[in-house]
Amino acid sequence: MDLPLLTVIVFLPLLGAAVVALLGNAQAAAGRAVAATVAVVDLALVAWLAMRFDVDGGMQFVEKLTWVPQVGITYHLAIDGMSLSMVALSALLTVLAIVASWKTEKNPALWFSMLLLLEVGMNGVFVAMDFVLFYVFWELVLVPMYFLIATWGGPRRQYAAVKFFLYTLFGSVFMLVGIIALYLQTGTLDILEMAGAGLDPTFQWWVFAAFFLGFAVKVPVFPLHTWLPDAHVEAPTAASVLLAGVLLKMGSYGFLRISLPILPDAAAEWSTFIAALAAISIVYGAAVAFAQTDMKKLVAYSSVSHMGFVMLGIASMTPEGLNGAVAVMFSHGVVTGMLFFLVGMVYDRTHTRMIAEVSGLSAKVPVAGGLLAFASFASLGLPGLSGFVGEFLSLLGAWASDIPVGWVVTSAVGVLLAAAYMLWLVQRVVLGSPSEAVAGITDLSVREVAVLLPLVALTLVVGLYWDSLLRFTDPAVRSVLVMMGGA
Amino acid sequence: MSTTLPAVAFYLLAFAALYGAISMMSTRNVVHATVWLLEVMLATAGLYLVLDAEFLALVQVLVYAGAVAVLTLFTVMLTLRRREDAVRPFPTAWGSLAIAALFTGAMLLAIRGFCPVGVEMPAIVPGIEAFGRELFTTWMVPFEVASLVLLVALVGAVWWTGGDDR
Amino acid sequence: MSELLLLTPELLVLLGALVALFADRITGHPRAAAHIGAPLAVIAALIAALIGTHGGVFAGMLALDSLAVFARVAIALLLAFWLRWVSGRGAGAERSAEAVALAMLSAVGGMLMASARDLIVLFISLELSTMPAYVLMGYRRTDARGLEGALKYFLLSMLTSLIMLYGLSFAYGISGSTAYADLGVVDAGTLGQLAIAFVLVGLFAKLSAAPFHYWTPDAYAGAPAGSVAYVSTVPKIAGVVALVQLVAAFAGNGGTITVVLLAGSLLSMLVGNLAAYPQTDIRRLMAYSGVAHSGYILLAAAAGSAGGTAAVFYAVAYAVPSMAIMLLGSEEGTALDDLAGLAARRPAVAWASVVWLLSLIGIPPMVGFFGKLTMFTAALDNGLLWIVAVAVTMSVVSAGYYFKILRSVFFGERLDAGRATRSTAAVIAYAALTVVTLALGVLASPVLEFFGLRF
Amino acid sequence: MSMDWVVLIPLLPALAFTVLAPLSRAARARLVPVAVAAVLGSLGLSIAAFLAVWPGGHDAVWQGSFTIAHIGDRAIPLGLALEPMSAIMLLVVTVVGACVQVYSLGYMHREDRIGWYYAVLSLFTAAMLALVLSDNFLGLFMAWEVMGLCSYLLIGFWHEQEAPRLASIKAFLTTKVGDLGFMLALAVVYAEVGAFDFATVLHHDWAAGTATLVALLMLFGAMGKSAQFPLHVWLPDAMAGPTPASALIHAATMVAAGVFLVVRAFPIFEVSGIALTITLWVGLLTALLAGLLATVQHDIKKVLAYSTISQLGFMFIALGAGGSTAALYHLVTHAYFKSLLFLGAGVIIHAAHTQDMREMGGLAKKLPVTSLAFASGSLALAGIVPFSGFWSKDEILTVLLHEHQYAAFAIALLAAFITAFYVARLWFRVFTAPTQQKELHEGHRSMLAPMVALAVITAVIGFFGPTLGDFLGHEIPWPALGTAAISTVAALGGIALGWYVYGRRTSVVNTQAIKQRFPHAYGVLANKYYFDLTYGYFVVGGYTALTRALATFDARVVDGVVNGAAAAWRSLSAAGWTFDGRVVDGAVNGAASAVKAAGDKVRTLQTGSVRGYQTLVAGAVVLLVIWILVKGA
Amino acid sequence: MTVGLPHVLTLAALLFGIGLYGALSRKNAVHVMMSLELMANAVNLNLVGFSRFVTPEAMTGQFFAVFSMIVSAAEIGLGLALVIAIYRRKRSVELDAVQELKG
C-alpha cells in the first residue's frame, strides 16, 4: 500500500476544516469552495477505493502503527465491505449537505468547517479497528454536531444540543468501561484480534451490557430514543441529514463490528431481548410518527421505526438478517436523507413544518411534491426501491432465526404502519389543493435537484439490483458470522 | 540511673499542663487564656527536660514562651476594641465537647492497646552538641526548608499587615 | 556536594523567588518579577527533565523516581505558564511581586514534596507548598471576602495538618523511623491504622477531597481568580505524588488505606459533581469540579502502583486545563455571564476553552480522556467495578456543568462590552496550555516513554 | 432462435413509464402515444409468445433469470418463465390493457394530467405482465406491490377531491394488510426451502402444518388483493378512480392477481386440506354477500364493483373445490366481460353525467352500440349461453358437484341467481327504464372500438374452453347438460325476477314504491295489483329488509372495522406520543432535575461558618477513628 | 511506680483533645489559633516522648519536634497577621462575623 488511502480519506476533511476556519467569514465564499472541493475529493477517493476494493478480500487497505504502546493502543485503520458502504454514505451525504447548505449566511466559516470535522469523525468510526481509536472518532463526532445544532438550530437548540451530547456521552462512557474490561481480559485493544477470543460467557454478558448502553443510545433503541426527536427538530437540515444518515448507523455498526464478533455468546443470550426492543421500536416509532403534526418530527420518529429493523436483523444473527441490517442502514441513510432535505427545502419556502399548513405540493410544485412522494414510497418499503431490500431481508432472517415469532410478526406489522404514516403524510402534504402557505412558492432550484438526484439514483439502483450493495456487505457479514462461530 | 521517668516531676508537670489547658478553655477572659497557654508551654518545656530533651526545652521556652505567646497577647490586645471585650461569656459547646471527648477517648483506647505500661526506658541519650551536629548534617534539607517556611511567613505577614497601597 | 546539583531546579526557582521580592523595586517595572521568573521556571523544568531519575540522596531524605521527575517538570512548567500570564497583567492590577515570590516558594515546596522520602521532609515541604497558598488566597488585602476565604483556608488547613502531624508522630513512633522505607510495619496495629488515617486526612484536605473540602469553595470564591488558577492546580500535583508514594509506603495489608481512599473518592465525586451543577461563579464551579477530580484521583490512588501513576498523570491532566480556565476567568470575569459572547470577541480563545472543557469532561483526544482511560483501566484491573460505574456516570454529570461555561462562551448574550483586557502574554499562556492539553493526549506515548511512566 | 424478446413484454410499458414519468406535465401529455404504442407492442409480442407456446402443455418454453442478490451461500434469482398459464395471462392482460389504453384516449382527453395517467397505467401494465411471467414468488410479490402502488395512484388520480384521496389510502392500506400475510408467507417459504422459485418451492415435500401456514398466509394476501370478504371494503371505494383504470385494475387484472397467486401456489394448498376448505368458504361467503349487496347499489360502478367481488368469490370457490383450472378459466372470461362492462359504464357515465342509475334510463335507443356491447357483457356475467361467463361459471359448478360439495353448490347457485338478478336490474334500469334525460351522445369511436372488440371476445371465447384446457394441460370438459340446465334456469330465473321488478313498462313494483306505500294499509288495499302487492311485500319487502340489513352490516361493521381501526390507530398513536413526551422523555429530564436538586442539597452543607466546617471535619475524623477502632476490635 | 511512654502519650492525647475542643468551640479567631497551638504542643510532646523511648540515639523525634515548632511558629505568625488584616476591614475577629461566602 503505497499511499495510506484510509488515513487520507479520514483526515483530509480535517485539513479542509482547518483551512475553512482560518479563511474565516471574511472569505466565506472561498471557504465554501474549499469545503465543497475537499468533500468532493474525499468522495472521489472513496470511489477510487471502492474500485480497487476486492469484495472477497476481507479487511483491506490496512494501516497499523503503534500509537501508545504503554497501554497497547495502536493506530489501526482497515476497511471491509460493511465499513465501505458506511464510509461511502458519509462521504456522499457530506458533499450533499455542503451543497444543500450552500447559502448559509450565519457564520458560514464555522458551519462548513464543522461539517468537515463531522466527516472526520464519521469516516473514522467506520474504519478504526483499534478500540481507543474507535472511541476517539466516536466522541469526536459529538463536538461538531453539538455546535451544528446549538448554533444553527431552532428555538430550543441549546436544550436539544446538550441533551444530545449528554445522552450519547452517557452511553459511550459505559462503552469505554466495556472497552477497558475487554482490554484487561484480552491484553489487546485491537478489534480484529479480539474477535472470536472465546471469552467467558458471564464476562461477555456484562461487557455486552456496557456496549449495549453505548450503541443502543446511538441507534436509538426504544426507551433510549428521546434525544432523537429533539435533536432532529431543532437541528438545521444538513445536520439532520447527517445525524439520521450516518450518526445513527454508528450504533448499529458498533453492534455488527464489535458486539457480535467479540461477544458471540452474550449476543446469543441477548438476541431475544434485542429483537423485542427492536419490534417495540418499530411499532412504537411508527405509532408516534403517525401522531406528529410536524413533518420533521414525523421523519425523526420514522427513523426510530426503521432502525428497529436494523436491530431486528442484527438480533437474527443470520446472513439474511445481518445483510438486511446493513441494507436498511444504507437505505435509511439515503432515503431519510432525501426526506430531511425535502422537508428542509419545503420549510425554506413555506417557513413552516406544520403538516396542517402545507398541502397540495404536487399541484403547485410538482418536482418537490413528486420527489417527496417518491421518498415516502421508498421509506415505506416499496419493492424496487432500496427501503424494501433491508426490511425484507431482516424479516427473512428474523423468521429463520430462533427469535420468537410474535416479535417477528409485530415487526412485520411495522411495515403496514410505515405505509400508514407515510401515506398519511403524502395525503396531507403532497396531494390535495395548495394551501395558502404553498400558494406563492417556487419549485426546487437546479442546485436542490442536484442534491436529491444522486439519492434518487441510489434508491433505485439498490432497490432494483440488491447485489450492488450486498456484494460488498455479504462477505463482511459472512466473516462476522464466522467469527461468531468462534473460528 | 533510673529505668523510668522521675514520677514526681512528671506528674507535677503533667498536672500543671492539663490544669493550664483546662483553665485556658474555661477562663472568661481572652487575655487570661493567653497567659494560661503560656503556662502550658512552660510546663511542656519542663516535661521536655524530664524527657532529656534539653535543646527542645530551650527552643520551647524561646520560641513559644518568648515569641508566640507574646505575639498572641499582642494581637489580642490589638484586636480588643474595649476592655470589656476581653471578658466574654463562654458557654460550653456541648457538640464540640462530645466530639473532642470521643476523639480523646478513642485515642486513649488505641494507646492503651498500643504499648503496655512500664516499658524499660532506654539508656541516656546524646547531649546537645550531638543534637546540633546532627541537625546541620543529616537534617540539613528540612532545616533549609524550614527557613524557607519562615521566609514565607515573613513575606505573608508583611503583605497582610502592609498598607493598602496598590 | 554533587547531590546539591540534583536540586538545581528547586534552587533556580528559589533564586527566582528571592529575586522577585526586590525585582520590581529595583527595576521599577511592575511585572519584572514575573518576567524574570517565567524563564527561570522553564529552565528549571528543562534541567529537571535532563537530570531525570536518581536514587536516594541526602541520607535518603529525597529520591527522584519517575513520578517525582514527572511532577517536578509539570510543576515547574505550570509555574512558568502562570508566571507568563502574570507578566501580562495590566499596570492597573494589584502589585504582583509578593505573589510571584510566594508562588515560586510554594512551587519549591511542591517539587520537594514530590521527591520526599522522609516524613519530616514531607511534612515541612508540604507546609512550604501550602502556606504561600493562604496568602495568595487572601492576596487582595483590602478585600474582606478574600481575607475571609483565606482565614477559612488557614484554620481548616491548620486543623487538618495538625491531625496529620499527630498521625505522623504515631507513624514515626511505631516504625521507629521517619523514612518511607520503614513505614511498612505501621499498618499492623490499630494505632498504626489510626496514624495512617490521620495522614490521609491531612492529604485529603490538601487535595480538597470530601469531606475535608469545605474550605475550597469559599476560599476560591473569595480569592482573585489568578491566585485560584495557581493554588487549585500546582500544589495539587505535588500532593497527589506525596499521597501515592505514602500509600505505597504504608501499604501493609492495605485494607484500611483502600477503604478510606475509596470512601473519600466516592464522596468527592458525588459532592463535587452535584454541588458544581447549580453554581454560577466560575471560581466556585471550578472549586467543586476540583473536588470531583480529586475524587477520581483518589480512585486511581486506591488501585495499586499502576493506579498511582495514573493518579499523578490525571492530576496533571486536570491541572493544565483548569488553570487555563481560571486564568481566562480572571481576565474576562468570573461570573458565568461575564464569559458571554467570548466567541464573538476572541474566537481563538473561545475555541481553546472548548479544548480545555472537553479535556475536563474526558473527551478524546484531549489529555483528560487519556487520564481517565489509564485511571479506569487501573481501577477495573483492581476490580473496582461499581465505583468506576459511579465515576463514569458522574463524568457525564460533570459534562452538564462544563457545558454551562461552553454555552455562555458561545451562545450567551453579552450585555456590556466586557473587560477590554488583551495581553499577548496571556494569549501565549493559553496557547501553551492548549498545546499541552492536546499534545499530552495525542502524543502521550513519547512523554510516558521519556519519564518512564508505567501503567 | 432465442426467445429473450419475451423480456420486452413487460419491459416495453416499463420503458414507457420511465420515459413519461420524469417529464413535465405538458411533455407527458404530448407523449401519450408512446405509452399506447408500448402496450400495443407488448400485445403483439404476447400473441407471438402465445403462438410460440402453442399447443401448450405443462412445461416452460422459455426461461430467463438474473440473480438479484447473493446472501451467504445462497443466490436469490429473479426470473421470468413463459409457459401456457403465463401465456394465457399475457393475452388477457395485454388485450384488456390495450383496449383500456385506447379507450382512455377518448375518455380522458379532457384531463390535463392525462400524461401522468398513461405513465401510471403503463407502469401497472408492466408490473402485471411481470407478475404473470415471474417464475418465483419473490418477483411475483414485488410486481404485486408495484401494482398496489399504481392502484393507489390511479384511485387517487383526482386527489384534489376528498373522496378519491381517502379511497386511495384506504385501498393501499387494506391490501397492504393482506400483503403482510404474503410477505410472512415468503419468510416461511424461505426459512423452509431457502429459495423462492416455483420449481423448487412447489416440488419441496411440505409438512402439512407448514403447508397450511404458508397457504393460509398466501390466501390472506390473495384475499386482500382480490377483495375477498372481509378485506373487500376497499374495492367499492376504489371506484372513485377513472373508470377505464377501474376496468383494467379493479376488474380485469390486478384484483385477479390474488386468484392467480393461489393458482400458482396450488400444490401447497393441496397439501393442506384445511387451506382449501377455508378458501372455499371465503369464496362462497364473498360470492353470496357481495352479490346481494350489488342488488341494492344505485351507483352503477358500485354495482359492478360488488359484482366483481362476487365473481372473484366464484373463482375462490373453484380454487377451494380444487378446480384451479376452472378458476383460471373464470378469471380469463371475467377479465374480458367485466372490463367490457366497466368500459360501457364509462361511456354511460360520460353520456349521462351521473353514476346514479335512478337518474338514467332509456339509454338503449340513445347509445345503441354501447347497449349492445353492454348486453353481451351482461349476459356473460349473468351466465347465459353462449356468452363466456356461462361456460366458466358452469365449469365451476361442475367442479363443485364433482367434489360432492353440495352445500357449496347450492350457495353458488343462489349466488348465480342473484348475479343474474342484479345484472337484469342494472340493465333494465339503465337501458329500458323510462327516459330521464334528453341530450345524450354515443361515445367516441376510440371508446367504442375497444368495447366492440371485447364484446366479440366475450361472445365467442366460451367455445374455446376445452382448447384452453388442453393448452393448460388440464381437462375442461364441455358442460354436462344437467348442470348447464340448472345454472341456466337459475340465471334465467334471476333475470326474470329482475325484469318483473324493474323491467316491465308499468313498473309499479319497485322498492321505492313498496317502501313508501307499505305503511298505508288503505293504499295497499286500494291497489288492484293485490297479488303483486303482497308478493312484492313479502318477497321484495323481506328482501329489501335483508339487503338493507346487509348493507348496514357492511357499511357499519365490516367497513366500520376498517375505518374504526384507522381512528383507533390515530388515537392510539396520539396516546403513544404523549407517553413518549411525558414518561420516556420525562424520565430523562427527571434525572437532570434530580441532579440539580441533589446539587442544591449538597450545597446546604456549605453554610459559610468556619466553626461549622471545623465541626464537620472533626466529626468526619471521629467517625473514621471509631470505624477503625471497631474494625480493629 | 513506673512512669513510661504510655503516660506521655496519654498526656499528649488529653492536651490534643482539649485543644481540639477549643478549636471547635471558640468564637474568637485568636482564641481558636491558641487552641490549635495547644494541639501542636501536644503533638510535639508526643514526638519527644517517642524520641525518648523509641529512638533515644537517633533523636529523630526531637528533630521532628523542632521542625514542627518552627512551622507552627511560622503558621501562628502568618495567622495573626491575617487576623489583624481582617480586623482592619471588619473591626472584629469574631468567626461568626466572617460568613459572607457560602454555597
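Residue numbering begins at 1 within each chain, and the chains themselves are lettered A, B, C, D and E in the order written.
Criterion: contacts are C-beta pairs under 8 Å (C-beta built on N, C-alpha and C of every residue); 3 or more make two chains touch, one makes a residue touch a chain.
The shown structure was predicted, so the numbers you read here are calculated from the model rather than taken from an experiment.
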| item | value |
| --- | --- |
| Selected pair, greater C-beta contact count between D-E and A-D | A-D |
| Chain closest to the middle, measuring from C-alpha centroids that were averaged per chain | A |
| Interchain centroid distance [CA atoms averaged], chain A/chain C, Å | 42 |
| Computed distance of Cα centres, chain E from chain A, in Å | 65 |
| Rounded Å distance, chain A centre to chain B centre (Cα mean) | 72 |
| Between chain E and chain B, distance of the C-alpha-averaged centres to the nearest whole Å | 6 |
| Where chain C touches two or more other chains at once, by residue number | 120, 124, 127, 131, 134-135, 138, 141-142, 147, 151-152, 155, 159, 189-190, 194, 217-218, 400 |
| Residues of chain A touching at least two other chains | none |
| Residue numbers of chain E (touch at least two other chains) | 16, 20, 23-25, 33, 49, 63, 67, 71, 74-75, 78, 82-83, 85, 98-103 |
| Chains touching one another, given as label pairs in label order | A-C, A-D, B-C, B-D, B-E, C-D, C-E, D-E |
| Footprint of chain C on chain E - complex, ascending | 16, 23, 29, 32-33, 36, 39-40, 42-43, 46-47, 49-50, 54-55, 58, 60-61, 63-64, 67-68, 71, 74-75, 78-79, 82-83, 85-86, 89-90, 98-103 |
| Footprint of chain D on chain B - complex, ascending | 95-96, 99-100, 102-103, 106-107, 109-110, 113 |
| Touching residues (chain side chain C, partner chain A) in the complex | 354, 358, 361-365, 369-370, 372-374, 376-377, 380-381, 388-389, 392-393, 395-396, 399-400, 403, 407, 410-411, 444-445, 448-449, 453-455 |
| Footprint of chain E on chain D - complex, ascending | 603, 606-611, 614-615, 618 |
| Sites on chain C touched by chain B in the complex | 14, 21, 58-59, 61-62, 94-95, 98, 101-102, 105-106, 108-109, 112, 118, 120-121, 124-125, 127-128, 131-132, 134-135, 138-139, 141-142, 147, 174, 189-191, 194 |
